[in-house]
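Dropping the structure in here first, questions after.
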């Protein structure tokens, strides 16, 4: 009987465990996670901050799921040693686990650049996992001023959550726009205005250079341009880095993220696989290597890694970024190569009031889109990107809200019937 | 599992399927009350097109549903027995990632994701029952409705 | 009060018949006893008999039995008769005083042969010529009614119970190889002797119990072929149907019976291809001759006796045989009273006619 | 252009019930319902409403009702609103007034003046639950007599007979006047019911080639779609001399209904008005008809009975007799209330006589001449229910044609505007977006239900009369009694007055 070991219990880890059980009903499946919690929805921590989600609801599966599926989950088990030759791992508290097949789903960790006067202070928080979200929620209070460093997904989500809890929220970002990973230039301006209207002040092209404190509590921060801001709560959300420490120590090939075969998720060690934010993926739309730190991709990679570990032949056929998010009711949906510009890419843009639609096309194929307040049926655009459909074969105007009528009748009927003949 | 199949050449673009879908998912189960008292109510089936060409589309309850894969809270699940893909309103946070990946565009924006549940518990879905031209039929399908 | 013919008088009744297949003749006493037993099946407003083989000495002449209501009716009818026929004998039919039979009309009989010259001019054979003359008399001569017109046979009928009519005509003195009898229960008082059964044409005689719902369909069919249903009785139409099918179209008696009481399509669909073709042809061509509604009918003729019931058997008819004799009656009791130990007794089944042929020896 | 008269109908929308779902907007081909600028509020205009009830039937909350447009003219028995309106319309168009369906005028409907008999006491009713009730019907020429071998083997060569499991056939409605889906439904229903549908004068659409054996194929004066295969691929052939709704004039299919499909089936150019002239320009006398009947029998090697359909006109009894002697195996008489896709209003409302009188006199004439039993008689226009069928057969018909009743079964609401080609129920139209509204599967089921229901009712009425086969009802006029009829009407119908 094969024994499978998974390090990390978030999107990729849980997906791998679930798929392993499906593929190998008898196999022994063990999941180790440093965190204190059973697998939970990390993106939901901002909704927890906004009290839209309670603690019981944040868990991805009911507790009895793991006993039912005979998956042993060890929380609070930080893995510190990995010996590929002996095929064993050791945890911080000295426990040892052996494996036939290992999956690294260690995700990412917050990147906290060294800043003068910040280390060791007690009112400095990151915002990546549930524990940090709980701490942030406890520390937030109406008389406090909050400062968030970093206007990425995490920083803006934290800021959105804190607006109702703190006296003021200021986001400081070194780059020239908010949410650079998912918005293009025009949409970023629109979103920034919307966020500002909802009580978040945003300072771009700037960052915190020094923090003044009383004892070990920061009271104010100084910015690059010399400005000073009152600060009772500092959130470090500059960015994240893939968690590759374990892999590097074990001698696995790592280029920024753990290097894997893009189709089998196998690392440089044949018995070790990796999936999720800790991996360097290949974006199928332009072949570039990048970290695709998104939930659906982690789930798909976890599934493929598991299938491979169980000796199945499934390969990863699609790998591109898809994201849907909303800030104060502003619906955003983006996909694919949103930053691609200039030949051979061309773009179709439609802006009307609060609606913004930008489609990115390459050689008559859709390779990306940014939709703001017009995200209805966005999945059809995603499907067009996934299937690489030749846009000239479609009927009707691609810039209108996409419907199944884009396809020819035969194609539509076949799609709706799940590929069976009409 | 049984699925709703749309026969395009019989669809009249009358959109009664939408009216009766809203009604079936309303508290009162009455078209008039549903429209008056629950204005935010949305149909889980959508007719696209016009009198010349129209077709009603709703969730295909795929075998390997993209939406379940993309759901960040575990709210979207495919029932292993009935095969029906449902969104648990308690767990859903309305992030619409499912909508971003559904290849058929049959998830609607709401407080939580709004999608077809095949009127589980009813003998046949409300849209099928009330289509005046039998353009919607409820048939046993092999499965595999993903794109 | 409308006379028979102006109004249709539905009636229930009793029927009986006895036949000797070898043609041995026997007195009317037997048939009278048989019909008398079913006294309660009639209400005294009609009774009658038909007898075959009673005039051996005039076997090749037509024996016309005629009622006359008045003297001029008789003169007018006799003038027509003498003009169209060579009448050998013209005499009243002997009758006897019977208390229950009152205001009898003038009852006479004539033995006659058709006038050859007139027959040839009319281009008709003997039977057709005679039939047309009889139909004309009954239709056009007010007060004259030919109530039988066959060879070596005769009908005897009146208003009264059948056993009294038998006594009135002293039928015990006649000898015949085939007797039929009828007792009538009309729903109103016809008071007209012509309306009693049997109803005859040439040597056909019919006694009939029941009422046919298809009457008007049959009537409007048969009237296409020269018949005139002026008596509005079911019996009259059935007689003409038999005469038309057998004489004009030359069909055998049992084929005619297959038309009047045809089997249902469900049965026909299950039959052999030949039978199916036979019955499908019959039912498509002669559909309007199908007799629908409850009836039991006994048809006397010189070829023998035919008993048929409606397809659904809604009227009773029992049959029995003993030696050369065959007996029919509405009730089994009416058979047993004259033949206590029959060899075989059975109920005639719906749409399955019983035909008892007569095997007359050469000299008869 | 100024409007000289008010609309015929008024659409009543109950604001308390209307949920502005827009179903009526999308379903009304006459565009009586439309959205306001906001695309949400539904409004309506009366002038183009023909009261086809499509919106009323489909409205999910029953918010709609159609009324006669009420704007009272000064009362005049002579110059009624209808009369004035017709004058106004002609004064603005200068053309013949066209309309559809059968004669709507309140002339007496004799079916409603005849009562059926029932058995009491002397002959018992026949229980249709216990006894087989036979409504099987054979159409075709019958030989005068039959001959058999001694052991009852049939010798006579029977002419071709059409076996029907019900005395009800679907009458002529051409492909072109009605949609292909309607023909699909009629043919499928005919097949299941064991009866026939009629191609009408529009030929048989290639898709329905396999249904030819269930088709009465019509040969009309326009000879549309008539060719050898069409004639042989049939149950029997019907020469259309006349049609009850428009005796004496030919067929008229407005050009906008002649799309490419119709033009292929009819072998005429697309968009051209399909006029079938009256008379047939090769039948100017009875002998010509005999030749046409003869040549049709020749081309089908005598395997197909030939029917001649005439309109019920004044001396149709004599015509029927002549047609029978000219070799017709089946004769169809179409009464002046028979439906039509398009006919001049004046002719539809004033020409022709009631089917009941025509059938009664024709049947009697054939009997007087002793040839009734040779041919089959079909009656039509109108046959509204099973009682009409029983009364028609009692008068002497072998079977009846239904068409308007069939249309109503599949959705028609008698708005009498088939000629516009905008039938909202998808029946009398060729527009693809409208024909889609008639799902042939549903229509077939409704037609089968209708005729099956009528069959049951016929059997029940037969049983009540003590008859268990249609043969015994055919021509059985004693089963009918007149009520509220004059002596003359009774004598023409050949029936007695109730109570006699």
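Read from first to last, the chains carry the letters A, B, C and D; within each, the first residue is number 1.
Here, a contact is a pair of C-beta atoms (placed from the backbone, for glycine too) under 8 Å apart; a residue touches a chain by one contact, two chains touch by 3 or more.
From a predicted model like this one, the values you see are computed outputs, not experimental measurements.
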{"item": "Selected pair, greater C-beta contact count between B-D and A-B", "value": "A-B"}
{"item": "Central chain (by mean CA position)", "value": "D"}
{"item": "Distance from chain B to chain A - Cα centre to Cα centre, in angstrom", "value": "29"}
{"item": "Interchain centroid distance [CA atoms averaged], chain A/chain C, Å", "value": "108"}
{"item": "Length of the line joining the C-alpha centres of chain B and chain D, rounded to whole Å", "value": "44"}
{"item": "Rounded Å distance between chain C and chain D, as computed from the means of their C-alpha atoms", "value": "47"}
{"item": "Per-residue overlap in chain A, given as positions that touch at least 2 other chains", "value": "none"}
{"item": "Contacts with two or more other chains, residues of chain C listed in rising order", "value": "none"}
{"item": "In chain B, residues with contacts to at least two other chains", "value": "none"}
{"item": "Chain pairs that touch, as defined at the top of this document", "value": "A-B, B-D, C-D"}
{"item": "List of chain C residues in touch with chain D within their complex", "value": "8, 10-12, 187, 210-218, 220-221, 223-225, 248-251, 255, 258, 264-266, 274-275, 277-278, 280-288, 290-294, 311-312, 314"}
{"item": "Contacting residues of chain D [partner chain C, same complex]", "value": "119, 122-124, 126, 131-132, 134, 136, 138, 140, 142-143, 145-148, 152-154, 156, 158, 161, 367, 370-373, 396, 465-469, 471-479"}
{"item": "Contact set on chain B toward chain A in their complex", "value": "5-6, 8, 46, 48-49, 53, 55, 57, 60, 62-63, 66, 69-70, 72-74, 90-91, 93-105, 107-109, 141-147"}
{"item": "Residue numbers on chain B that touch chain D, as the complex places them", "value": "9-16, 18-20, 23, 31-32, 35-36, 51-52, 130, 132-135"}
{"item": "Complex interface listing, chain D residues touching chain B", "value": "17, 19, 21-23, 26-27, 58, 60-61, 432-433, 436-437, 439, 441-442"}
